[in-house]
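Below you'll find a set of structures to go through.
In the two assemblies presented below, chain A is common to both, partnered first by chain B and then by chain C.
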Partner chain A sequence: MAEAAESPGDPGTTSPRPLFAGLSDISISQDIPIEGEITIPVRSRSRESDSSTLNESVRNTIMRDLKAVGKKFMHVLYPRKSNTLLRDWDLWGPLILCVTLALMLQRGSVDGEKDGGPQFAEVFVIVWFGAVTITLNSKLLGGNISFFQSLCVLGYCILPLTVAMLVCRLVLLADPGPVNFMVRLFVVIVMFVWSIVASTAFLADSQPPNRKALAVYPVFLFYFVISWMILTFTPQ
Partner chain B sequence: MATTAAPVGSARNGAGPEWGGFEENIQGGGSAVIDMENMDDTSGSSFEDMGELHQRLREEEVDADAAAVEEEDGEFLGMKGFKGQLSRQVADQMWQAGKRQASRAFSLYANIDILRPYFDVEPAQVRSRLLESMIPIKMVNFPQKIAGELYGPLMLVFTLVAILLHGMKTSDTIIREGTLMGTAIGTCFGYWLGVSSFIYFLAYLCNAQITMLQMLALLGYGLFGHCIVLFITYNIHLHALFYLFWLLVGGLSTLRMVAVLVSRTVGPTQRLLLCGTLAALHMLFLLYLHFAYHKVVEGILDTLEGPNIPPMQRVPRDVPAGIPAARLPTTVLNATAKALAVTVQSH
Partner chain C sequence: MAAADGLAFHEFEEATNLLAETPDAATTSKSDQLTPKGHVVVAVGSGGSYGVEEEVEEEGDKTALLQEEKPQPGFWTFSYYQSFFDVDTSQVLDRIKGSLLPWPGHNFVRHHLRNRPDLYGPFWICATLAFVLAVTGNLTLVLAQRRDPSVHYSPQFHKVTVAGITIYCYAWLVPLALWGFLRWRKGIRERMGPYTFLETVCIYGYSLFVFIPTVVLWLIPVPWLQWLFGALALTLSAAGLVFTLWPVVREDTRLVAAVLLSTVVVLHALLAMGCKLYFFQPLPPEHIAPPSQATSLPPNILLTPTMTRSMATS
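Moving on to the complex of A and B:
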């Protein structure tokens, strides 16, 4: 109480306080930055780093973000039980992956016969609303993971399926036939299992131990739908 | 500044004894204690300005020039003397109260914790309920217990969506107005929510003892039979097999739902109305799901085995010249197209 009154007038005498200390009784979370730590940063330190990153060149900023995204890609490709994806979550990686997948799944023709294929908007909506639904489900089951952390993990674990999409497109350049289909089926199944293992490695710890299966099943359905869209994709 | 900052600070936390009563009145939303005539616009201390002032004050708490900013604010807002201070405090109180009310409303309505009790299940419970949904219970004199949870039904609806997508893809269904995914989701969720609401309305008319949540759960678990049947018959395309499964598995899950409803309804007419409607809708839905997204090739074979096509339809009309056989499966599912395809194939 008294500190709140004193700090505007006496900035030098009081120690720096965390930004949200006075809001402990309010349940709205405001001003959470899109990238950064979930733990509340000490104000003075982040203020200095903010002012220093504001003056750096654009190239530095982009390279730093790209390196962070690349580091998380490596964590997904070699899934171990680590906290990196959860601690420093960001949504750039999922966005890049989702846009890449949706662009590759788009059909070229508009008035063709087979216009039942997924268009860009459909894939986008499926990925993001599917991830939101799974996050809500895991929170309702009693998980202690935050909303954006879960979105981050589910988005990054689409990486193996995006790789499968690239491989499928390359394989489809060859002659169509049963061998072609078997190769694609094998690749998609392997990447599907990889996605599930990766996301389980990150998400499993946040669930109560006896309900892990309940939280993993919708993840299984989500990646199954995406794998099915990839497998049944045929270019024009 | 220090003297005015102290009551402002205590009002900010709302724990000061002198402002406690004032707070309650503001939160009640009814009568305002403070005379609002003191707040005139010329002083500049409007509601929005107070909000911006608070934002600025909080952000520059540990900054060296916070005091200078406050002095600038004071000059900008043109407050002089006690009248300005009082109106500023009043606006501050209004801001605090408004924010508290908004956060309370937000945490009340946008809180997903409302749904939390319906997801409080264990995997063993879900498994046992799935199996029980296929076993009709004969005891109809005593209201049977329905588990009021939403996890199982929701997951079953999503599983049905996934199975439907699989079926639509293997049958090369073309959706002209819309998308495959949208159609699948719309069909499954529409059935679950729509038929549940309709049967709940009928139950209200028939004085059945069932709540909306229980109806949603009952119908959701009844979709387990649909999932099994469709999963098997989308992969093995035998009509006899489908009819057998439709009667057996679909019939079992329908009987279970009917038994539960009968045990909760009094009176033969009401029971007949309610259970007849539910049974009809449930069985017909399975029939619809199978045949609407069926392989077109099977459909063509079916019409070959069917009754004789009248001679009038043997005249090919509107058939594009030289239609290749490979493009036949991609035509839209309707009777005319099938008949035309049959006539072309028979040449």
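Moving on to the complex of A and C:
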């Protein structure tokens, strides 16, 4: 069969003797009528693997997404100049981080008055609208990063501050005092610097060179506000 | 470009070369100042050094014309808004410096904006000022609690909302009113056109920058020093506004000019005082009861006189 395929049966051949004259009388398999082009076997195999993600178990799908999110967390914690965060952006990580942060931050020090820490909705709005504003700002300044890539990077770089929130929560279980405050201040400052360094490593390259500072300053303001919310959190 | 050969030969050579590149162009002499895009200008003047200068001039003419000829993108396109963010870091810093040091003859719009207003400065200066107000207001409460443990500390997050709304309303609605008023008066006099809306927003936005370091300095818990810093910032800021508005207002009648400028200064002073009194509530040094927090401030700045009165009486 392969030999028959190799001879293309070109209509333009001027050989007087038909090469495979008797071949048409041979039927390869009585059951399957072969007609149409003979495809390369590799292509049919890949078509099978495409449809196989539809048939895989739910556990596989979830684990694949979780692994992608985890890999991006590692990229944020050890920021190198890699393109993984930008190329395969997703918004699961930012959502998980934002919800965790908002749940932990909500209504610190409830006294029945209007004073108090931010509500869940306030944290959520600040994080998402802040990220959207910074993205719009960098795009308006002429950056060549796409909208969702930028949201993805800004959301993932909240991870150090979420870790800082967890540490602060644990430290606040101890007795309050100036030492308590200094430890929390130190942790929050370190994580704030880490967030800025991580997001700048990903975002700064996409800006025109004479506007980098203009694009990075709102990122600084954004993480500063989140750090202040974390630092001023006092449990009731 | 120009060689030592006979100029006539050189001219035609150049012209033919250039014409070969742009076949549908026509040659004109240099005396023709308006050079539309499709035309090729050949240096007819003598001397080689003319070439470079003329190129620069032509570039300037061409780019000026290009800016006029380019069709303005509609307001629903992204590039329309991109034209308002067409600034570099150095330009923004230069504009901030210009607002910090007002000078009587030095018009902010003409010297620093150079008729290219931007929205980056006003927007992010207002955002920074709002957050700095809320953060330092909270920090004064922390410092007060250290001095006097009976003072009750709370994060006071609602102040962020109040600060944001106040600053943004002031920095965008007051320029709108000012611009509308100046345009209305434009019909009375013909000489100098008023500023565009964006330029007015820029003036106000950059003039608010001086309050950012002032607010940080208000952390120092010495009352007369706080009022001194406030007065200094208000003077600088209002002077910047007045010097920029003066050329536009000076041709109007004396009464209108005086009323307008004094309204501008008074509104600015109200903003500064309102922020000082609301976010930095003065705590007397003796042992006091926990300060009663004001109910949330209505976002309209015109109500601050009533608020300051209630502060004084509470």
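The working rule: the second predicted complex is superposed on the first by the 179 of 236 C-alpha atoms of A that agree within 3 Å, B and C clash if a C-alpha of one lies under 4 Å from a C-alpha of the other, contacts with A are read in each partner's own complex, and residues count from 1 in each chain.
We adopt the following convention: contacts are C-beta pairs under 8 Å (C-beta built on N, C-alpha and C of every residue); 3 or more make two chains touch, one makes a residue touch a chain.
What you see is a predicted model; the values in this text were computed from it and never measured.
K.L.:
Taking the superposition as given, does A:Asp175 touch the first partner, chain B, the second, chain C, both, or neither?
P.N.:
Neither chain B nor chain C is touched by A:Asp175.
K.L.:
Determine, for the superposed model, which of the two partners chain B and chain C contacts more residues of chain A.
P.N.:
B
K.L.:
Is A:Val225 in contact with chain B, with chain C, with both, or with neither (first, second, both, neither)?
P.N.:
After superposing on A, A:Val225 lies in contact with both chain B and chain C.
K.L.:
Could you look at A:Thr234 and tell me whether it touches chain B, chain C, both or neither (first, second, both, neither)?
P.N.:
It touches chain C, and chain B stays clear.
K.L.:
Hey, what residues of chain A end up touching chain B and chain C alike?
P.N.:
113-118, 122, 137, 139-142, 210-211, 213-214, 217-218, 221, 224-225, 228, 232.
K.L.:
Spell out the residues on chain C that touch chain A in their complex, using ranges where they run on.
P.N.:
78, 81-82, 84-85, 87-90, 92, 120, 124, 127-128, 131, 135, 138, 152-158, 161, 293, 295-296
K.L.:
Quick one: in the complex, what on chain B touches chain A?
P.N.:
1-2, 5-6, 8-10, 12-13, 15-16, 57-58, 60-64, 66-67, 70, 99-100, 102-103, 106-107, 112, 115-116, 118-123, 126, 151, 154-155, 158-159, 161-162, 165-166, 168-169, 172-176, 179-182, 327, 330
K.L.:
What residues of chain A sit close enough to touch chain B in their complex?
P.N.:
1-2, 4-9, 11-12, 14, 16-17, 19, 22, 26-28, 43-44, 113-119, 122, 126, 136-137, 139-142, 210-211, 213-214, 217-218, 221, 224-225, 228, 232
K.L.:
For the complex, which residues does chain A have touching chain C?
P.N.:
Touch residues, chain A against chain C: 108-109, 111, 113-118, 122, 137, 139-142, 210-214, 217-218, 221, 224-225, 228-229, 232-234.
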